[in-house]
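Have a look at these structures, which come just after this line.
Shared between the two complexes below is chain A, which has chain B as its partner in the first and chain C in the second.
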Partner chain A sequence: MKVRVKAFARFREILGSDLSIDLPDGAVMATALSALRDIAGDESGIIFDEDGALRAHVILMRNGKRVKRSDLDTLVLADGDEVAIFPPVAGG
Partner chain B sequence: MLTEQERERYARQIPLFGEEGQDRLKGAKVFIAGAGGLGCPIALYLAVAGVGEIRIADRDTVERTNLNRQVLHRESDIGELKARSAEAKLREANPDIHVKAFATTIDETNVRHLVDDADLIVDAMDNFPTRYLLNREALQSGVPLVHGAIRGFDGQATTIIPGRTACLECIFPEAPPAEVCPVVGTTPGVIGLIQANEVIKYLLGKEDLLAGRLLLWDGLATTLETYTVERRPDCPACSPGVRS
Partner chain C sequence: MISITRDVIDAGAMIEAAKRPGMGALVTFCGAVRDDGGIERIELEAYEEVAVRELEKIRDEAMREFPIESVDIVHRIGSLFVGETILLVIVGAGHRKEAFAASEFIIDRLKQTVPIWKKEFYRDGERWVPGEAGGQG
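Right, the complex of A and B next:
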């Protein structure tokens, strides 16, 4: 199945602005994040910590709804889902 | 009640919301936290729209590196307090309004005094700790907060109505790492004017604010999206009984 990923701000520079990732049917959000970690490559440390977990300030949404950290391993994705991932920007 | 000069000054916008609407703007007090990249366009456009009292606070002095985006400050203002520089330009832009400038660091000891009886707080800061402070003050005082932030070609904005919408800590529970942000002036221009537009709409009682919605601006792709944001039941700032 295909899941669309929209990255914003600094993450767009790392992941691209609008990408589609192929995942096995029944994949959970954590699987999608693992794929994003691979795509980010050397720059994955900006999005993920040393243990591979999302950094605390990162905002993750699925189909416009916030995804809780506690749901990453259980939230099953569906074909055509849209995942948005971005950091807050802080400048003024 | 508008003067003849005010009727003339606002002649092109009064047809949009009537003299009654213009009178509402005249009677409004808005506190703008920051006179930098966001604060400059916000303050300028609220001033020329006729917001009756603008309070603006910034502790910094103008540096040459500010001038690519902080459009109220000029080469000749380098070394001047940003609050004073902004005050002078706003008075020049519209002598019919009141401008109060505060050259001070916004902190726990003065935030209540700065907000005072303002109708709105506008977040034009450059750091999350002060944003969180403004958010808490908004929640405590019940005064709505119009948030904006930028980096590079990217920006975000939302309008927080205390007790009704997600607060800043619901949306951003953790601050991003501090950094000196690269930025092109058009980005705070876009986001600042979205914030100013929210202020005007709120003061006029218009619907469809960015309340409960987070707007994301991508200036490189020229896209603007909004995402619904909900209150977090365990938010330490706004959930009853979870206050920290």
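Right, the complex of A and C next:
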């Protein structure tokens, strides 16, 4: 299945603005994050810590709704879902 | 009106459009690009669908919490030069006190929750403005 990923600000520069990742059916959010970590390559340290966990300030959304850290391993993604990943906001 | 736009914001036109007969006060907050030690321009980007929804939520909350008549918020994105308007918030109310209070509430919330980012460009470099780690959604 395909999941769309939107990254913003510094994370967009690392991951690209609008990418699509292929995941096995039934994949959970943590699987998508692992794919993103691979895409980020040398710069993954800005988004993930040494153990591969999301850094504390990173905000994650699925279809426009914020995803809790406690749900990463259980939230099953569906084909066509939109995942957004971004740093703290700085508008105004 | 709630919107994210790439166009120049016309504050005068927006204030006129917001006026209603019962309003004695239209408190207007205009955020502009500040020359913070050699900034030439900034670039703003937004997660547009979510940003608009978040702005609507802030408007609705302000309308519930304060005795005001209207809230308009327009936030610009794209490339902006020093002095250009980034954000316009207009709160219309019968009296000024509640309009001032609602205006401050709206701007504080906007800075915490609306997914918009800005990058500053200097003559010799660039940097993302550090954000607030407030919680969306």
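Note that the second predicted complex is superposed on the first by the 88 of 92 C-alpha atoms of A that agree within 3 Å, B and C clash if a C-alpha of one lies under 4 Å from a C-alpha of the other, contacts with A are read in each partner's own complex, and residues count from 1 in each chain.
Just so it is clear, a residue touches a chain if its C-beta (ideal position, glycine included) is under 8 Å from a C-beta of that chain, and two chains touch if they have at least 3 such contacts.
Quick caveat: nothing in here was measured; it's all calculated off a predicted structure.
Visitor: A:F48 contacts which: chain B (first), chain C (second), both, neither?
Guide: Neither partner.
Visitor: Quick check for you: in the superposed arrangement, does A:G91 touch first (chain B), second (chain C), both or neither?
Guide: A:G91 contacts both chain B and chain C.
Visitor: Just checking: does A:R10 make contact with chain B only, chain C only, both, or neither of them? Give me first, second, both or neither.
Guide: A:R10 contacts both chain B and chain C.
Visitor: Let me check the overlay on chain A: which residues of chain A are in contact with chain B and also with chain C?
Guide: 6, 8-10, 12, 56-57, 59, 61, 64-66, 84, 86-92
Visitor: With touch defined as at the start, can you tell me which chain A residues reach chain C in the complex?
Guide: Answer in residue numbers: 6, 8-10, 12, 56-57, 59, 61, 64-66, 84, 86-92.
Visitor: Touching residues of chain C toward chain A in the complex: what are they?
Guide: My answer: residues 31, 44-47, 49-51, 53, 75, 86-87, 107, 110-119, 128-137.
Visitor: Given the complex with chain B, which residues does chain A contribute to the contact?
Guide: Chain A reaches chain B through residues 6, 8-10, 12, 17, 56-57, 59, 61, 64-66, 84, 86-92.
Visitor: Using the touch definition up top, name the residues of chain B that touch chain A in the complex.
Guide: Listed in rising order, the residues of chain B that touch chain A are 34, 36-39, 124-128, 148-152, 154-156, 171-179, 181, 183, 188, 216, 218, 220-221, 225, 227-230.
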